[in-house]
Each structure stands twice: as C-alpha cells, then as structure tokens.
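Each of the two complexes below includes chain A, the first together with chain B, the second together with chain C.
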Partner chain A sequence: MARATSPRRKTLTTIAAWSVALIIFFPVLWMILTSFKTEASAVASPPELLGADWTLENYADVWSRSDYPRFFWNSVVISLGSTLLGLAIAIPAAWAMAFVPGRRTKDLLMWMLSTKMMPAVAVMIPLYLLFLQLGLIDTRIGLVLALMLMNLPIIVWMLYTYFKEIPGEILEAARMDGAGLIKEILYVLTPIALPGIASTLLLNVILAWNEAFWTIVLTTTKAAPLSAFIASFSAPQGLFYAKLSAASTMAIAPILILGWFSQKQLVRGLTFGAVK
Partner chain B sequence: MGKITLKHVNKSFGEVAVIPDINLTIEDGEFVVFVGPSGCGKSTLLRLIAGLEDVTAGQIDIDGLDATYLPPAKRGLAMVFQSYALYPHMTVRKNIAFPLKMAGLSEEEQEKKVQNAARILNLTNYLDRRPGQLSGGQRQRVAIGRAIVREPAAFLFDEPLSNLDAALRVSMRQEITELHQTLKTTMIYVTHDQVEAMTMADKIVVLNAGNIEQVGSPLELYHRPANLFVAGFIGSPKMNLVQGAVAAAQGADTIGVRPEHLDIVESGSWHGVVGLTEHLGSDTFLKVVLDTGDTITVRADGEVGLRHGDRISLAPRPDRIHRFGADGKALA
Partner chain C sequence: MNISLRALLGATVSFTLAGAALAETTITVATVNNGDMIRMQGLMDDFNAKHPDITVEWVTLEENVLRQNVTTDIATGGGQYDVLTIGTYEVPIWGKQGWLTSLNDLPAEWDADDLLPAIRGGLTVDGNLYAAPFYGESSMVMYRKDLMEAAGLTMPDAPTWADIEKAAAAMTNRDAEINGICLRGKAGWGENMAFLTAMSNSFGARWFDETWTPQFDKPEWKATLDFYLNLMNQYGPPGASNNGFNENLTLFNQGKCGMWIDATVAASFVTGKDSTVADKVGFALAPDNGLGKRGNWLWAWSLAIPSSSDAQDAAKTFVNWATSKDYLALVAEKEGWANVPPGTRTSLYENPEYQKVPFAKMTLDSINSADPNAPTVQPVPYVGVQFVAIPEFQGLGTSVGEIFSAALAGQKTADEALAEAQTLVADEMKAAGYIQ
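Up next is the complex of A and B:
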C-alpha cells in the first residue's frame, strides 16, 4: 500500500540509508584505496588519505608474482560447479518437500538448516582425512563437492520457499496433461520458479566465491581459488597491507561486478513471496 | 467412450473418512454434476477419479478397465480447475498445445488442433498472449481449450465458474452445456451451486458428508427428493419444511412445500403475517411468519400488492406436499 511521505521525511530516510550503506561499504572502500597506496603510506599513522602516495605498483607486483588467471578460473569452476550441482540435487528435493510433504518434512528442513549452525572447524579433521583417502585434496572436483554440501541446506531452503508460492494446481494440471515427474519439473515448475532459481544461483555463487575456510584447508596449489590467492599474500615476513589489499581487490572485483549487475534479480528473488 | 464406474470407493485422510463408501456409474456421454455443500467430499471424489488422490479402498473403472492405480496422465481424462491452473510462462497457444506436446504430436498436428480448439472457443485472436493478459472468462476458455485438444474419455470440471462474476458465469454455463452437446463426451462437473447443477446436468449426484444422498435427473430431484437433505438443497428459494401438528395431520414428521406451490387464497389452511418482501420483477418472494411460529417463503406474482405486516391465508397444493418420516427419508 502506498504511503504518503513528506519531503523532509524522505530526505531523512535517504540520508539514513546512505549512512548505513557507507558504514557497511567502508571497509571495502578502504581496502580499495589502500591497494593504490605505497606500503609506507598504507601503514602510516594517522591514516593518510589526501596526502597519500598513489601508485599502481601493487597490482603490477601481485600480477607478476602469482598466476592470477589460474586462481580466477578455479574460483569460477568451483563456485559455479558447486552451485549448479547443488541446484540439480536441491530442485527435486525442494519439489518433494513443497508439493508432497510428509509428516516429518518440517523437521527435516530444520535439521538441514541446523547443520549450518555447526562450526566448520568441528568437522575439519574428519573431512580432511576423508578427502585425503579419496584423493580429493587440492582437486577442483573435491572443492565443488565440499562447497556444494556446505551450501545445500541454503539452496534447498530458498527453493522450498519459492516453490511453496507456486499453486499446486498448476503442477496437477501438468500431470493431467500427460507430463511425468521429470517433464513436470522441467517444463512447468522450473520456468515458473525461474526468478527464484536465478537468485538462489546468484546468492550461492557469491557464497561459494567468498568461502575461505574450506578452500584454504582443502587446497594447496592446483585447485586453489581466489580466497587462497589472498591468503598467499600474508607472508611470514610480515603483512604487506598494500599488496594484500590489491590482491583482495582483484579477488572480489569479479563477484562485486556480478553482484552489481544482478542486484535487481537478487532483491526480487530474496523478497519473493513477501508481498503479493 | 467414457463410462466411469466407482465400486465401493472410499477415501480417508488419516483418521478422517472423507468418503466412507461410494458406488456410482457414470454412463458414456452423460453430463453428471456432483453437488453438495462445502466439505461434502465432491472435489475429493473428482480428484480420486482424476488420479490426483489415491483411493484408500475400492476400485475405479474407466471404460471397463481398472484405473484405480493408474497415474493421472494414463487415465485419458482432462480436468479444468477452479483456479484455471494455466501455465503463466506460456502463451495461450503453448498452453493449449501442452498436452499434445506431452503426447509427442508433431508441431504441425499440434498447431492444427490448437487452431481448431481456438476457433470453437473464440480464442483465435488471443493465441499469442500470456494468461496474465486475459480476462477471467478468457482464461477459463483457455483451460477448457487445453482439455478439449486431448480428446479425452471424459472432462472433469472442478468448480470452474466460481471465480467469475455473475453475468459471465451464466454465459460460460451455457457455453459448457453447448460444448457438451457438440462433443458428446462424458463430463463430470463439481459445484456447490445448485442452480448450475439444475441447469447443466443430465444427472445430478447430491453429496453430503461423503455419502451420496440421491442420484437422478434435475427434475426427479426437484419433484421427488429422497430425503430432507435433498429437499432442502435442491431448489431456489429452498423448500419450506414444516414440522408439528401441520405435518402430523399429513401423517408425517416433516412436510415440505416449495415456495411456488403455495397459493395465496381467501381462506386457506395456513395463516400468517407478511414479513420481508423481495420484488424481482417477474416474481415476488414473501417471507411469511405463520401463526405456528414457522417462517416460510412464498413465491407470488411480480405485481402482488402485499406489504410488510399484511395478514394472509395460504393453501399448499395437496399433490405438491412432500412428506418425510422421523428418519428424514421421504414417505411414499
């Protein structure tokens, strides 16, 4: 329902919203600024802003000292692979929970979500040993599997929420029209739930891209994604803030750009069903 | 062909028996209406026939073959839903063609059948639109089109007109009846509206609490209701049901007289005072509070001069009095 707002109220709301957004964005902004400073300027106290020495040297250094394209490609494969595999498993699962719920469906959903509350470090040793035995350490397929399993509860939950909004009669109509289960999901459910599926995909690509614990624990060199690339710049000789910032900026830039272009889709998907 | 036979069909949801035990035969080409109040199990019965719900026990035969455990797609039936259940992401053309696509027909055959259905249902100009761009009546036509193209053994309609406004409901009602006359395919139609049941059906099945109260043609049910439930449910306005001395005088526990079978006379056997009057132009419905305390409805001429508070005398037509025993069943 539309609500009348006075110009003064509107200005105040705008200022408040911008303030919150800037507070949230400030660390990222500071990181980006630091990446263009010299090492000396980066650690200066009090922090320098206008009088800092600006340089592109950090980026050139980071680029020459590491194989950025390989890390980037690993990130793409791992985040997209884990998300797509997760969707392939979660779509039928969420279909079953939304349209043919059993007596324990709600409990099952809660149990799935509860696994996200477990500290990752608690399963680090068993998972590491399991991966070691299966020969999955430092492989892209290993990380795809690990991240898919980590994010599966979220994917199932999101899809379940979207599917619940779709009238069951449409799927029954498809069944009456001669569609079997696979055709029903492929031709009717998936296209109708596409906005929801798209935002689930985007959110999970972002989560997988930003994942730093398992990617660092389970990789060494070959399958290491950009999160491990950042970690490799915290050298034992000490922290080089400017270079670390440059590496971090290079690591987050692709996902930041993806997020920027898809924000409408993300917001639409995340508020799906909230208003009718 | 489209003969459907239900043999001792029952359906329970957990402990609740929604349909305790139903036996029914629907002949090929018949227009059968399931009618009853909300929650009487009529939609559940339709969904059991469609295969969208599993029966708890009993058997459903379609054209002599046991279809009890066949999936919906294999039963050769088409269904039109109350909410239309159109595929929102497809155009009208693709919606209508969907069952044909599922059946593996070539694109040419699909197009031919879609065009034919669109012509019958006046949808030719809307084939490239999406359901969201259509009015309620047009959407319902698309849903019917999607059912027609399959050339099913029987059509199942689940309260298809309840989302439409009153005027559109009347015209769609006629369209569906005409469609039945053209296609001559079995149709099973679920409604809670007894006017729809009376005007459309060859055979009405009156349901109450999951049981069949009576099966018969509209006029059979109207003239010879088997029990008090059917008597009270069929007919608009409702049949007047009176108990006490008046009924006892007729040798019954309850007697029923329809509003149109009460004559306003100089000196009749029933006396009362006019309460509310409803002038419909052609008819006037009078609520009359009898001296016995019962309130009854009387259908009078549209230009009757009676007003609130007038005292009148009524005579029920003797051959139109329905007598019911203490168990609610009609007495011979």
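Up next is the complex of A and C:
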C-alpha cells in the first residue's frame, strides 16, 4: 500500500526540488540575463538586476559580426549526423551483446567505456594528422565521423541497458515465425526499444552539440559549429562579457528548447534500469 | 543557333570565367578577438575594393585556443591558415624553425624602417622579419589623479617602486573599498608571470644566466617577490590571486583601484565609456629601482604567413594592406585617431593629430624603454622581456606562475615559492637538455 504523503511534507519536497533546480539552472539564467545588459552593467559590483541597463545591442552586434546561420546549420548536421551514424552501428552491436553475449562481453563493454576516460588531447596530433591525410579537416563529414567515434561507447552502453530489459522470448518468437536477423532487429527489436533509442538519440545529440574540443581543433571556417562561434567571442583583454553571454545564449538556445520539450524521454532514458 | 544567341552565350561564358579568375584566391586569417582586429574586419570593404581577386575568411578564436590550433596546424604542415595573428613570443621560435615566411620582400612603400625599433627587433630573426606588427603594447602605471591629489602626492612621470609603494599606502582606504594598487595575481605565463618577469627585470633579476642555469635562488628574485607580496598583501584587493587583466580592469573602472600597472592597451578602456573614473586617470612609466631597467613589458600582435600556406602572394598582399601606413590613416578617417592600432610605427607618433591622444606619448615611451634583446640588468641567453622565447617557456611560466599565485594566496612563503620554482625549472631545463 502506498504511503500517504502529508501536505506539509509535499510542500517541503516541492520547495526543496525547486531550490535545487534553481541552483543548477542559475548560471544559465544569469548568462541569459547578462546577455541583455550593457557591458558596464554586466560587470557591475555588486551585481545589478533590477537597476541594470537592459539592451538588445549585444544580440545585434553578435548577429552582425558572425554568420550565425552557417554555424547553426553545421551544428545541426554534425550532431544529428554523428548520432544517427552511431545508432546505425550501435544497435546491431548492442543486440549482439544483450542477446548473444559471449564470455568477454562485459569486459568488452567496460573497455569501450574506458576509452571515454582517455584525455582527448592525448590523441589530438595523431587524429589531426590522420584527418589531414584523408582531407577531412574542416569538413562536416570529418566531424560527423569524429564525434560518432567519441560517443559510440555511450550509445552502445545505453542501448545495451535497454535491450537487456526486453525479454529474449519475444525475439525468439519472431525467429520461430521465420524472421531473419535484419527483420528481427528492424521490425521487432527496434519498435519495442523505441523509447530507449529516442532517449539515446536525444542525449547524444546534446553531447555532440555541446562538444567543444574536437569541433574547434578540426575546423577552421567551412565546418565550424556553434562551439567555435562562442570561442570567437572570448577575449583575454577587454570586457565583452555581455556579448559573450549573448553568443552563448544563441548557441545553447536550440538545444535548451529541444531538451525542455523532450525532458520526459531524457529523464526516462537516464534513469532506465536504475530502480528495480 | 543564331549569331545573337551565340554572342550572348559567349559573353556569358567569358563573364563567368572572368568572375572566377577575379575571385580565385581565398585566404584564411586566424585571429584573436580584440577591438583592433574586430575593427579591421569592419573595414574590409577597403581591401575588397582594392583586391577583388582575393577573398578573406576569418577564424576568430580565444588567444590560447588560437595558439593551440595554429601550433598544431603549423607543426603538422596542415596549411589550413594563410595568415596568422601571433605574438612576440612565437615569432622568434617559429621563425627559427622555418615555419614562417620572411617578409623582407614586402614593397618599399610598406616602409620597414618606419617600424618602432623595439618592436621590429622582437620580430626579426637572423635579419629576417618574420611578422608584420599590427598592434604593439607595453605596460605602464595608470593611476587615479583625484586620489593622489587628495593624498597630497604627485606621481612622477617615471616613478620608482618606492614611489609606487608610498602612493599605494596613501590611497588605500578599506572603508571606501579603495585598494591602493591592483596587480595581476592569476596564474599563467601570460598573466601573473608577464607582470612578475617584467617587474623582476627592474630588480636586476633574470630567469637564467648565460649557461641557462635558473636564477630563482638569487637575491634579486627574493627582493622582487618579497616586494610584490608585501605590496599586494597590504594595499591590494582581496582575492588578488584570482585577478588577471579583465578582473583588474573591472576593479579599476569601478573606482576600486588607486593604481593599476598593466598593458598600455588598457588606457583606452579606463578612459572609455564603461569606466566610472574615465576623467580622473593619469599615466606614468612603469617603475624602476634605479638599475637602468624599468618593469614594463613589450608585446605585439603581428601578422605572419606560415610557410605551409599555398596562397603566399595573396597572404602578403593582405599583410601589406593590414599593417600599412594607409591602413592607420583609414582607421583614423573612419573611427578617429584614438582608435588607430598603436605601438607599431614611428610616423604615427610624429603625426600631430595622434599626439593629441592622451596616452600616446606614454605608450611610445614605454615601448621604447623595453629591449627584448637585453631585457634585464645582467646578460641573458634569451630574447624576450616578460617571457623567455624558448618552446619550454609556456609550460615553465605557467607552473612557476601557479607557485607564485599560491604564495600570494598565503599558501606558502616567498622563500618556499622561490625554492620550489628553482627546483622545478632546474629539473625541466635538465630534461630539455639545456643544462647537465
């Protein structure tokens, strides 16, 4: 029987949840507010809120100084492309690991995940040289490949976790009905695991969108995404915090909106299998 | 096909081919995000009108990211960039490596002899000019004239460190949140170590002797660090170990610093529209200790062409335009003399209009008083005023900067910091093969 929750307890829990959420979101909120202030107001001490000078000038400046649509389109292509390619490789891999596990499957999974722990800078020069030889520097296809490889361990791990929850008997029944391997994965496994695949897709699009090492190292002008757009507004000498905040807000806005509308799937994806 | 149609098609083809020929070279310029470079991007119509056959694409990045990307590209011969914005630290190293194209053959009207000697010297290796200076800077004292007057003091044009200490003590007013002096404390070879290395020159200290032996165990460094820590602990702002250029600029603009010793480029910021003390700022040369060297640095952002670029001629055309006397005149015409990139050409400082800019003379005097080839009192085996132009310095400077920043934060004494720095630098120099 479910335990009754007192109104007082419910109120306290709600306040606590909102407080934690506000603390986590505060830096982003402050950045958005700063983007609407003048540069002088942005660095005022103590920080200004109600008495600040509000302006849209920063957005106008950022827009006029950069080709935002090009950076945005590159981000869309790179993040979606790397995720879809990653899913195409990871679904069969996760199927094999979940339903036809070998003696070393767990070790293999751990090894794949351990590659994520390697500092990116350690492979910067070899990867750069490889991309140079293949003519992939400053190309969208190059970044799609690079980010797909970076995120593949996470995609495989997440899908493996979902697939493990699906009873093997369902796939067995499909096989007994004459379904081949491709049909089994495409028409039986994929529809059942669709919520899990959707949350994996969302999470990896976000990871690829926010990636700010390889996307800056491997691009110059043509394929540079929004991470490079933000980097172009950072200045070691001079106070341009308001403009930098405006550029950052423009860069994160699309993914923030996507995250807001898909939060149900994201939460489900991130907590899947956590409580049994 | 009738004759008219053929003529039309022929004309179209010719026009298309001519158009393709006109816009056949695209160059990629890697640059930092500072006011002067942004201004240049806004004035590109002039270049485009004069050179319709060259298309310029810009890559603007934060200084350290730019340094990392450009180094990777140039070391691997990637050829992604045709023009690089680089500092005086990189030019001697990369020039020696053969990574940069000599600019000795720029047209005569570009007038290399007009470059300020100190700046030109820092960009020349074995007689070859490897970068064209776009903007040069030194460091100087910026002080509050009103606070000095209230304290009954006058700032000399060429103060000593004793003058600075006296002024800092007189202007400090903790109740009014006014700190007598604001200096860099944030760790980094281009942050606190730029200031401390330049300061140490005026105390007679040096990073290495002629045999590349580190010198942090010598009394000159002890005097430098003791003086800096004492000055900052008594008259500096709280949490100064986190303050770099931007943090101190904020403090000064809010009226919370009596003095600030930093880059000459800051002069236009502290007298600009975002400053609450714009009309109360005076300028003086960086301090000395009577040893013949001042505590000011020398830096220039310059345009260089990597030898891996396959558009050398177009790149040289762009460098010629961007660093010419005509470009300075163009900026003056469009944006006013105060916005002209400073610190590169003698003719600019001889111009009566530019002489009216309040910080022009002090900037020139500061630049002229720095000598990258003889930065300190005693002889040294390296080039560089606030840095040592060897590839290992970025790492060394930042590590020593962390040690000194920790000393400013009170986590170690000056003696402990210097002993640690000496050991660290000696180990690194042994590993790099400079000393046995």
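What we mean here is this: the second predicted complex is superposed on the first by the 266 of 276 C-alpha atoms of A that agree within 3 Å, B and C clash if a C-alpha of one lies under 4 Å from a C-alpha of the other, contacts with A are read in each partner's own complex, and residues count from 1 in each chain.
Here, contacts are C-beta pairs under 8 Å (C-beta built on N, C-alpha and C of every residue); 3 or more make two chains touch, one makes a residue touch a chain.
Worth saying up front: this structure is predicted, and the values here are computed from it rather than measured.
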Given the alignment on chain A, is it a clash or a fit between chain B and chain C? fit
Once the structures are superposed on A, label A:E169 by its partner contacts, choosing first (chain B), second (chain C), both or neither. first
If we overlay the two complexes on their shared chain A, which of chain B and chain C does A:V43 touch? Say first, second, both or neither. second
Between chain B and chain C, whom does A:S6 touch in the aligned arrangement: first, second, both, or neither? neither
First (chain B), second (chain C), both or neither: which does A:A179 touch? first
In the overlay of the two complexes, what angle sits at the CA centre of chain A between those of chain B and chain C, given in steps of 10 degrees? 160
Shortest CA-CA distance in Å separating chain B from chain C in the superposed model: 50
Quick one: which bits of chain A touch chain B in the complex? Just the residue numbers, please. 167, 169-170, 172-180, 183, 187-188, 191-192, 194
List the residues on chain B that touch chain A in their complex, please. 50, 52, 71-73, 77-79, 81-83, 85-89, 98-99, 102-103, 146, 150
Which residues of chain A touch chain C in their complex? 38-40, 43-45, 65, 124-125, 128-129, 132, 137-138, 216-217, 220-221, 224, 228, 231-240
Report the residues of chain C in contact with chain A in the complex, numbered from low to high. 28, 30, 32-35, 38, 41, 57-65, 68-69, 72, 75-76, 78, 80-81, 190, 244-246, 249-250, 253-254, 256, 263, 265-266, 269, 273-274
